[in-house]
Amino acid sequence: MDTREIDTRNYTALLKKYIETQDEQALYGAEQISKSFIKKNILPEEFVNLHIQALLEIYPDLHDKIKPSMHFLLEAMISYGLAHQEFQNLREKQLAIKSEILVAARMQKMLLQSKIPETDELDIGVISVPANQMNGDYHHFVKGKDGTISITIADVIGKGIPAALSMSMIKYAMDSFPENIMTTDTVLASINRVVERNVDPSMFITMFYAQYKPDTGKLYYSSAGHEPGFYYSSRLQKFKDIESKGLVLGVNPDASYVQDELNLEKGDIIILLTDGVTECRRDNQFIDRTEVIDVIKKYIHLPSQEAVNHVYRHFERLQNFQLRDDFTLIMIKKQV
Amino acid sequence: MMNSQSCVTILKEWDIVAARQMGREIAKNIGFGTVDQARITTAISELARNIYLYAGEGKISFNIVQSLDTKGISIKAEDKGPGIKDLSQVMEDGFSTSGGLGAGLPGVRRLMDDFDIISEVNKGTTIVTVKWLR
Amino acid sequence: MDTREIDTRNYTALLKKYIETQDEQALYGAEQISKSFIKKNILPEEFVNLHIQALLEIYPDLHDKIKPSMHFLLEAMISYGLAHQEFQNLREKQLAIKSEILVAARMQKMLLQSKIPETDELDIGVISVPANQMNGDYHHFVKGKDGTISITIADVIGKGIPAALSMSMIKYAMDSFPENIMTTDTVLASINRVVERNVDPSMFITMFYAQYKPDTGKLYYSSAGHEPGFYYSSRLQKFKDIESKGLVLGVNPDASYVQDELNLEKGDIIILLTDGVTECRRDNQFIDRTEVIDVIKKYIHLPSQEAVNHVYRHFERLQNFQLRDDFTLIMIKKQV
Amino acid sequence: MMNSQSCVTILKEWDIVAARQMGREIAKNIGFGTVDQARITTAISELARNIYLYAGEGKISFNIVQSLDTKGISIKAEDKGPGIKDLSQVMEDGFSTSGGLGAGLPGVRRLMDDFDIISEVNKGTTIVTVKWLR
């Protein structure tokens, strides 16, 4: 007896039972059968055909009424069966693309990885999660020979694969700059020229670049149209925006930038982020920046890495576990 | 918000059927049509099976909920099981633990209107999901 | 009257007609209705419900038999409806990824594009078609100041996005070599070191690199494990393989290559290709290289560009219009 | 290889129904079951509609074909219409000219076993597709 025959007998028996008792258990059986059929790639028209065979067995006297009326339904189900198969095919293709992107994402991660520099002065935490598999956000830390710590955070407008391709280029370019001897505004001006020359004109990049100099205790920074970060003053117990004027990268090769600075005291905190954090949506409504601060406040007493992890988990849930944009959050606490 | 609660403890497979029956009865009384009754019951089935298969023990409870202009059925599934480590992944299509197409928690979310889940590893999972009468 | 009500009436009328006449026209109507329902996102369980309503109207006296027996089918269809919705969601995601890859592919095309050099001596045709949207095959022509024409053809093992990412790197590296003063074997040795250092160890690249020197009329070439091309001798009217020994790129940083040469006479033809051409499959059976020659022979009298286009179209059809690997074919005819 | 040919000219929508009817009759005589009859008829519908909508005029012909161990129905759709420029695209899912899901030529290929198409722009299209009795 082949499986098809077993299916037919089971189905007929279950249907008969339901017709007699109309109880829930038979319906639970129906659900389990149909789930197992889907797994076995049985198409909906075959399912309807099975039902017809069962009906004819149960009501042999109704043959002349059941047959044409149910055959009509069967014919109509063929289109549903076709849609089912088309979808299944797409699903297989999707799995193939997914594994391809996974390899590309791994390559990208290897290429773009950035270690948090070791320092007793600063407690640094960072989380960067792509909305899809490839990350269009970028962050990078470098500790120079003189102890200067430089921090880059950037966001390609657009996401996914094309954004990731551009990011690799940025990384090659940044690596070629001489170490820490340039001011933050000249770094942005140089990288702007590279982007303008090499990246598709439809693509823009926002970037925030900062250098922390341990000898002065100051943070020097410049921004190319990037989402402002937050500065928390431990003395005033207040948050304020870290703003700096500057055009996004890739628009005008002659754009120039300004360097601003912040004096960091013990307990002060710098928060850098991309718009994937501030533009979280809840029920299709953007949250606002004060809401981000409220969430950060809840976890600010924790070590930086734990704090950013908690903030991320909060917004992940808020968005029903489906990020709409790449999410990058850096927290830097001055410890001494 | 009117409130009236009934619940079923899930321990053995037979309890899944009891939860389905209770949920279907409530949905019918609220005024849901046959197709929606079947959808709500399928969602209950999925939630109860998850408890039965992965937590071993848990509870499904039902509430009639009332908004300004309509009413609905709210289903809560609670367990103290192993919890879910990566919620984003579990909520993604094609990752259903029960392996089947269209099943698992993404299926429940589709069958119902509102959906919320809280899960902690080694502490358990609570899912609340609502379907509104249109 | 809302559309749902119209649907119900239409369906009932059509079903009634079919039950009475059992003619083909009503079944054609059923097909058209179900297609339009799928477009309107009506799920299979709703379709079954519609059928139940129609049956109850047509056979009111069978109410007690129709209702439970058909309700059982409806319950079972819910799972099919869920699968349908899951597939639909995947389809939307797929469209999003597709348009993303399209942008990336456009970027790649811009980056990797290679003009056929202008020369009276050679008639060059080239076709390169990716199996998916992004091409893991690479080809490049350069005409040096001394008239030397260099030709590169390469294939990343693996295809799609990760292959494309590696290709961009190869392109950057090749562009940085000094022009035409290196022999073909030293070019491959240099590029091998770049690949070994920078590309994921799981990835390999095969490459064939050649230089045609107009002053000697000779083609100098080296191969890094690349699919052998074909040389057609006009005098002998015979094809033979263009073989050259050498390890694929990226395995051993110290690999060395040999330079071979061919004397080209008027009417001689060089054919370079990737394994996407020779490993075409028909009904899951690989064709063999002699079959490729047979197809090329059919079109060899045409100008090179037309010839490669025709050969491509032949293999496209042979594979049921679904390429399994990137397909690159270059034809070079010596004209004088 | 046994051979017996019948054909229907497609000019108006009514001819689609005639083609379906002839094809279904032949499929039934060969011994196909109800579900396969319905699939073959749907494939014929799709081919005939394509002729009716895009070429204006054409022909559907049927052959009973015989292999070593089974027989089948072969359907040939011919027109002298505008032809198809990018066959790879037309054969890809989701590009169906009729816009619907699962329809178009990929649908025909799924419903049948063998499928071959030749098309030249401004000259027309010929499709031959076979379903074998299992």
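Observations on the model:
Each chain carries a letter (A, B, C and D) given by its place in the written order, and its residues are counted from 1.
The definition used in the following text is that contacts are C-beta pairs under 8 Å (C-beta built on N, C-alpha and C of every residue); 3 or more make two chains touch, one makes a residue touch a chain.
Chain labels with UniProt names: A, C = Phosphoserine phosphatase RsbU; B, D = Serine/threonine-protein kinase RsbT.
Computed from a prediction, not measured in an experiment: that's the story for all the values here.
Each chain gets a centre from the mean of its Cα atoms; for chain B and chain C, those two points are 44 Å apart.
The distance from the centre of chain A to the centre of chain B, each centre being the mean of the chain's C-alpha atoms, comes to 27 Å. With touch defined as above, residues shared between interfaces to two or more other chains in chain D number as follows: 41-42, 94, 100-103.
Residue positions of chain A with contacts to 2 or more other chains are 27, 31, 35, 38, 75, 78-79, 83-84, 86-87, 90-91, 94.
Taken together, the touching pairs give a contact graph of some other shape, not a line, ring, star or complete one. Per the contact rule defined earlier, chains pair up in contact as A-B, A-C, A-D, B-C, C-D.
By the touch criterion stated above, chain D contacts chain C in their complex at residues 16-18, 20-21, 24, 41-42, 45, 87-88, 91, 94, 98-103, 115.
For chain C in complex with chain D, the touching residues are 24-25, 27-28, 31, 35, 38-39, 91, 94-95, 316-317, 320-322. Residues of chain D touching chain A in their complex: 34-35, 38-39, 41-42, 93-94, 100-103, 106-107, 110-111.
Of all residues in chain A, those touching chain D in their complex are 45-46, 49, 71, 74-75, 78-79, 81-87, 89-90. On the side of chain A, the complex with chain C involves touching residues 14-15, 18-19, 22, 26-27, 30-31, 33-35, 38, 44, 47-48, 51, 55, 58-59, 62, 65, 68-69, 72-73, 75-80, 83-84, 86-88, 90-91, 93-94, 97, 100-101, 103-104, 106-108, 110, 132, 158-162, 165-166, 168, 172, 200, 202.
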